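Given below, in the form of structure tokens, are the structures.
Presented sequentially are two complexes of chain A, the first with chain B as partner and the second with chain C.
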Partner chain A sequence: MADGSTTGGTWLSGAPARGSAADLLVQNSHYGILVVLVTIAASLAPGFLTVQNFLNLLRSFSFLGFISVGMTFVILCGGIVDLSVASILAFSGVVMALLQHWGIYIGFTNELSHVYPTPFIILTVLALGAGIGLVNGLIITKLKVTGFVTTLGMMVFVRGLAFAVSGGGTIFGVDDFTRYLGRGMVGPIPFVALLWIVTIVAGSFVLNRTPFGRRLYATGENPETAFLSGINPDTYRIAAYVISGFLAAVAGICLTGRLDVGEPRVAQAWELNAIAAVVIGGTSFDGGRGSLGRTVVGVMIIGLIRNVLSLLGVLPSPQEMIMGIVLIAAVVVQHVISRSKV
Partner chain B sequence: MNDNPNALLLEVQSLTKAYPGVVALDNVDLDVRYGEVHCLAGENGAGKSTLIEIVGGTIAPDSGEIRFEGTRVSFESPRSAQDKGIAVLHQELPALPDLTVAENIYLSRLPRTRLGVVDYRSLHREADYWLEFINSGIDSRAVFGDLPVAKQQLVSIAKALSLDAKVIIFDEPSAVLTLIELERLFEIIKNLRKDGKGIVYISHRLDEIFEIGDRVTVLRNGAVVATNPTSDIDKNDLIRHMVGREVHETRLRQRFSPAQDGTPVLEVKNVTRRGVLENVSFSVSAGEIVGIFGLVGAGRTEVARAIVGADAVDEGVVTVAGTELRKHNPKRTLRYGACLIPEDRKLQGLLLDKSVRENVALPSLRDLTVGRVLLDRRAITVRARDFTEKLKIATPGIEQRSKFLSGGNQQKVVLAKWLSRNMELFIFDEPTRGVDVGAKEEIRRLIVDLAESGKAVILISSEIPEILMLSDRVLVMHSGRITGNVPVTEASQEALLAYSMGSN
Partner chain C sequence: MRFERTGFLKRYGLLLVLIVMVCVSVLLSPLFLTPQNVVNLLTQVSFVGIIAVGMTTVILTGGIDLSVGSIVGFSSILFATMMHGNLFTFMPDEMFIYAGMQDLTPLLPLPFNLFVVLVAGALIGLVSGALSFSLKIHSFIITLGMMIFVRGLGRSYTDGQPLFGVPPYISWLAYGSILGVPTPVVLWIVIVVVAAFVLKYTRYGRRIYAVGGDEEAARLSGIQPALYRITPFVVSGVCAALVGLMMSGRMAAGDPKIAEGWELDAIGAVVIGGTALQGGKGSLVGTTIGVLIVGIVVNVMNLLGIADYPQQMVKGMLIIAAVALQNLIARFGREHER
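What follows is the complex of A and B.
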């Protein structure tokens, strides 16, 4: 992907000047897992290694992918986690569909409303997502509440809000444009996958090639050093949550298009999958170490494990159990290897 | 108890402890008699803390022995020292603030009833006995964390007594006490002495030593300089012992003559941060090096942090290059050309996991861009290479992660961060601490060069020779106040030390 070769994960950190064998093993264990998974999948399902299947998989990764990218910003910045992303995703989808049905309230009962054009609706929803992220960031930095508690509260609140605005029900039907966002193809490539890839590239660019990105890394690794170097850590922490909320809204809009409904129950526990993707990729919870490229690999590993389990005919609930084991194993393996290399 | 007034309760013989690059204790002898208050004095880093940590069982000596009541002992842990009867009362008292006083005293040995639950009645009876024994006036049912610091200290004394401690070591107890509280403490110490306990009392305040001490041992550079009865010596003797012979190091600095008309680069006016800084005022001119000396906790670092806006102050104004700054932060101060090279390079100066290149560029990212958005990779590389060469940073390359560099080279990377920007005022906080001799010399040279090129410099240091070698003027701090402001020509080691202990 965009990058992801070293722990620092960036051209500014440069090549791993001291790379013992164990170092390399730790840093690249996730690639190994990926190769193993692809091999298993390919031997189980003959159609697995086709371009078409790959593109389909890419689409299925994308929705989780967006919030994992946002989660990476938050974790890199030392903000621990953003637990509210899945709720923001669901809320955004509901608002997206709801605003398209505004007509319901002003007389058009069974048609889509054209009172508020779709591009404006999208901008509104994106602004709402970013706004919720902003509130998260402000509570955390200005009121000094821990990120975990703040976003936990926000997770419950926003999920409730999604149910409240939808009246608890599902809002059926969105317009063609929105459906295109979730289902459309650009040539052979699903639009949403393309959008995800663009997001990753843009995100990596911002993280690695702009002062903003390097300051965000600095804030995550050592806020005190950053502060004395003329960086206001609060600015970057808030920005990370805004980005996270914004990308959750992007995912919500696209998922609504894909499902053709606004549904407050979608994406339950996805915030945990996003965290798992970041952790399996190897981005450090301590902040300042890791990269988007690693997260992309993490997202793929999670997606592929599910894919492989389905190919094996494993039912959904044992799948969850296995995912849990994989997550713990990934963390334990990294921990053990990094400790043994002293 | 022993009736012989000269019998030795605790004997320390030729204790030695070395750390890489520094001998913390060098053949130290010390003895404590029954019913004696034995004071320890010495500058920062003289070895007092190391000595009591060994006696208290926290660290093990490299060689030497400890005799307790005539028999040789060795401690593997603070617990085993405690069991023998040696209690160390640290400045920061380890305690569980949410438990009661009695629970804190008897934590590891709570009395139990036959059912195995805590027997609170006898717990409080025991605790109250010891609290009353020292006339503390503390209720054993009070919550520990609710007590003022002075009373918490009394609780630790009660705890020490309940453990049947024979030697009680006080590590700068007065640092956190008011005068009245201190008098009470002295009363208690005098009573303990009457009971035949051996007291070791460490303090930076010379007056206390003469008030409470029977004998005083002075440490310098890890070695004992002298042990005398306090009745045989006076304050000046003590200071002379602490400072030692004049170290002959040549001044690196040409005499500074301030420009007649120039406004100062930095003006600090009445800066007060409650409980930390009190009414601090001074100024620094272009081309001048102002040294700030003081003992640990005197408020030197706090002044530096207040200047750059790293900590908020309650009152006062900082003026940098003619601009008054209030409620500023380092980001803003930086724009006016003032920077702080912090004391702890690992925790405050560097991103240890990032490359030399990234660290050097960190404060100047905005200037190293194309169109303010895209980082200019080439400019960053050139700058990092330049300064790696200029400062002779020993590294395999600018891509090396800074955690793999030696202390001196790490410090140079921190310096490069600021030298590569155009700053007017440099505040160095202990720039040569933990740095090898060669790098020390280079860093000092660099500081002088900065001043000679017209920059204003503040040099905070615990090393008097370094201050005398580099500064034009010396400020001395004590308890958050500036107690001395002398031209270097009139400064001597004795005078600076006297100011730093709050006596003139």
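What follows is the complex of A and C.
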């Protein structure tokens, strides 16, 4: 049962617009969970339903949001997962800060000393992120190493690289422009949140309205048939990993601006959170079925559950327990729903 | 002639790599082959080595178990909680009081408290295996959820604080020795030998390979896949629980935060050892060599005084390179078979 754009449907959610009300209900159950969570949160905290709080939440979701968008591309095209994203995020942040502190190598640490102007630094970091993704893709398609193993190795390697280039320490202070990327506001909207929304819209457009996107879905659904219909699956696999690496670099740049430090330890295990967000949203782990809209809902569900649990005064450790149960429950419920439809 | 050569490479390539690495290590550091260092090396790798045994059986059936690291932490704190039975009647107001509680008040007599921990590990594995088999959901997702859940469960007991004090027989698991060989190494060897025997020479083991290789074909030849899909997760859970007990001994405390990321270390060793993630192909001998290869690389870099970060980079490259190399050899072999 294709759930993606191939069957048509609402543009952003990717859910097929057909069938009875009951059908519609089960297909969009993740929206239901979202509404329930918002209601609980609103009743617990009076300030919850304000525009300002919503925008703040959006900002806090967006860092994980970027890598979840990239992860969706990888999972959709049947690449199983990209475990290296969190390491790429940390590495990008460190390089971003490092290139603004070039003097670190000759003994100055606290003053900004740009190796070249900030826009070029950003381009460098984005290119590095995309480059690591490209290496992932090439190893997977050309050397036929599975995506899991390749990105696992890359995850360990790039994290080590992030520590190595920063000397294991934290690089303090970035320039105003970088800080703006993480903390700035465009009118009332936080810049990161805006960038995330733009990314989602652009990503959905690419996935649903371009030949590239349709071929990516086709590759994920069945690489063999995709190949027989004239699609080179390798191209789309590589592209998915490049997109994933690129978005991890975007998240790394913004997070460095937000934290005002280049820190190799950030985002530990975020790759697993991103995978959880994609899966909770309902994108199939087998590839070819799902959408970006679903991932966005998944990211929001994860963020809101944490928010609600904190509002309820639940300690971090039981919060973790609940997140684990939510993840398993989400896949079980989706499974039961998809079986009842057959 | 050439075909025979690739056949030889496929069969003994990994062993050759190990021998070459030992030789290079000896050249790089005169300390490498000292008895003290060899004993240290083996003891260090035996913990991940035992986890990797369970992981191998899971991966042979085409699954993966991400929850093992969390099970290690959970078992450790579960055991410590059972050793401090008075916690159940007397709850300290402040968490730091836990730290002072050295006197042990076991809930159950000796064999039972070990038994409970191992059964808890088995149960976690059983739930993972049963869920992923019966619902046909990839075990990556189920065990990812289980990993987060079990870690949270372990940390909830004491709010993430370690609980100090373990009985002598648990210290023996980590620091003791049998005939001069450290207990962890003995345990590791025994588990590897038993598991390798079961996988190779029993009907159960052969069927694990069959189900992992092609479930449909196995089903058509009359094998019920349920048993062979679910039990490896139980084995993996028990192995992880045992390592949790050993870690408690090593640290003289139950600590729910230990062994984070060990699942990835174990998976790395398994794939370096030539077991395919798709299932059905691989062996415990390979895994053991994989564990040793990673252990030697880390050990030599430590001896040479290389910092932690380059070590990580080498480890990452090692995983990719090992699998890429195996694929190339396999492809080369196939081309010459024709």
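As a working rule, the second predicted complex is superposed on the first by the 306 of 342 C-alpha atoms of A that agree within 3 Å, B and C clash if a C-alpha of one lies under 4 Å from a C-alpha of the other, contacts with A are read in each partner's own complex, and residues count from 1 in each chain.
As a working rule, a residue touches a chain if its C-beta (ideal position, glycine included) is under 8 Å from a C-beta of that chain, and two chains touch if they have at least 3 such contacts.
These numbers come from a predicted model, not from an experiment.
K.L.:
Give one of first, second, both or neither to describe whether A:Gly252 is in contact with chain B, with chain C, with both, or with none.
P.N.:
neither
K.L.:
Does chain B (first) or chain C (second) touch A:Val81, or do both, or does neither?
P.N.:
A:Val81 sits against chain C, while chain B stays out of touch.
K.L.:
Considering only the touch criterion stated at the top, classify A:Gly129 as touching first (chain B), second (chain C), both, or neither.
P.N.:
neither
K.L.:
Which chain, chain B or chain C, ends up touching more residues of chain A in the combined arrangement?
P.N.:
Ranking chain B and chain C by residues of chain A touched puts C first.
K.L.:
For A:Arg159, select first, second, both or neither according to whether it touches chain B, chain C, the two together, or no partner.
P.N.:
It touches chain C, and chain B stays clear.
K.L.:
Kindly classify A:Pro211 by the partners it touches after superposition: chain B alone (first), chain C alone (second), both, or neither?
P.N.:
In the superposed model, A:Pro211 contacts chain B only, not chain C.
K.L.:
Look at A:Gly281 in the shared chain and tell me whether it touches chain B only, chain C only, both, or neither; answer first, second, both or neither.
P.N.:
Neither chain B nor chain C is touched by A:Gly281.
K.L.:
With the two structures laid over each other on chain A, which partner does A:Ile231 touch: chain B (first), chain C (second), both, or neither?
P.N.:
The answer is first: A:Ile231 touches chain B but not chain C.
K.L.:
Could you list, by residue number, the parts of chain B that touch chain A in their complex?
P.N.:
308, 310, 329-331, 334, 340, 342, 347-355, 357-358, 361-363, 365-366, 368-369, 373-375, 377, 380, 396-401, 404, 417
K.L.:
Show me the residue ranges of chain A that touch chain B in the complex, using the header's touch definition.
P.N.:
Residues of chain A touching chain B: 7-8, 11-15, 17-18, 209-211, 214-215, 217-218, 221-222, 224-232, 288-289.
K.L.:
Could you list, by residue number, the parts of chain A that touch chain C in their complex?
P.N.:
Residues of chain A touching chain C: 80-81, 139, 143-146, 148-150, 152-161, 163-164, 168, 272, 275-276, 279, 285-286, 315-328, 331-332, 335.
K.L.:
Show which residues of chain C lie in contact with chain A when the two form their complex.
P.N.:
Per the touch definition, chain C meets chain A at residues 64, 131, 135-138, 140-142, 144-153, 155-156, 159-160, 264, 267-268, 271, 277-278, 307-320, 323-324, 327-328, 331.
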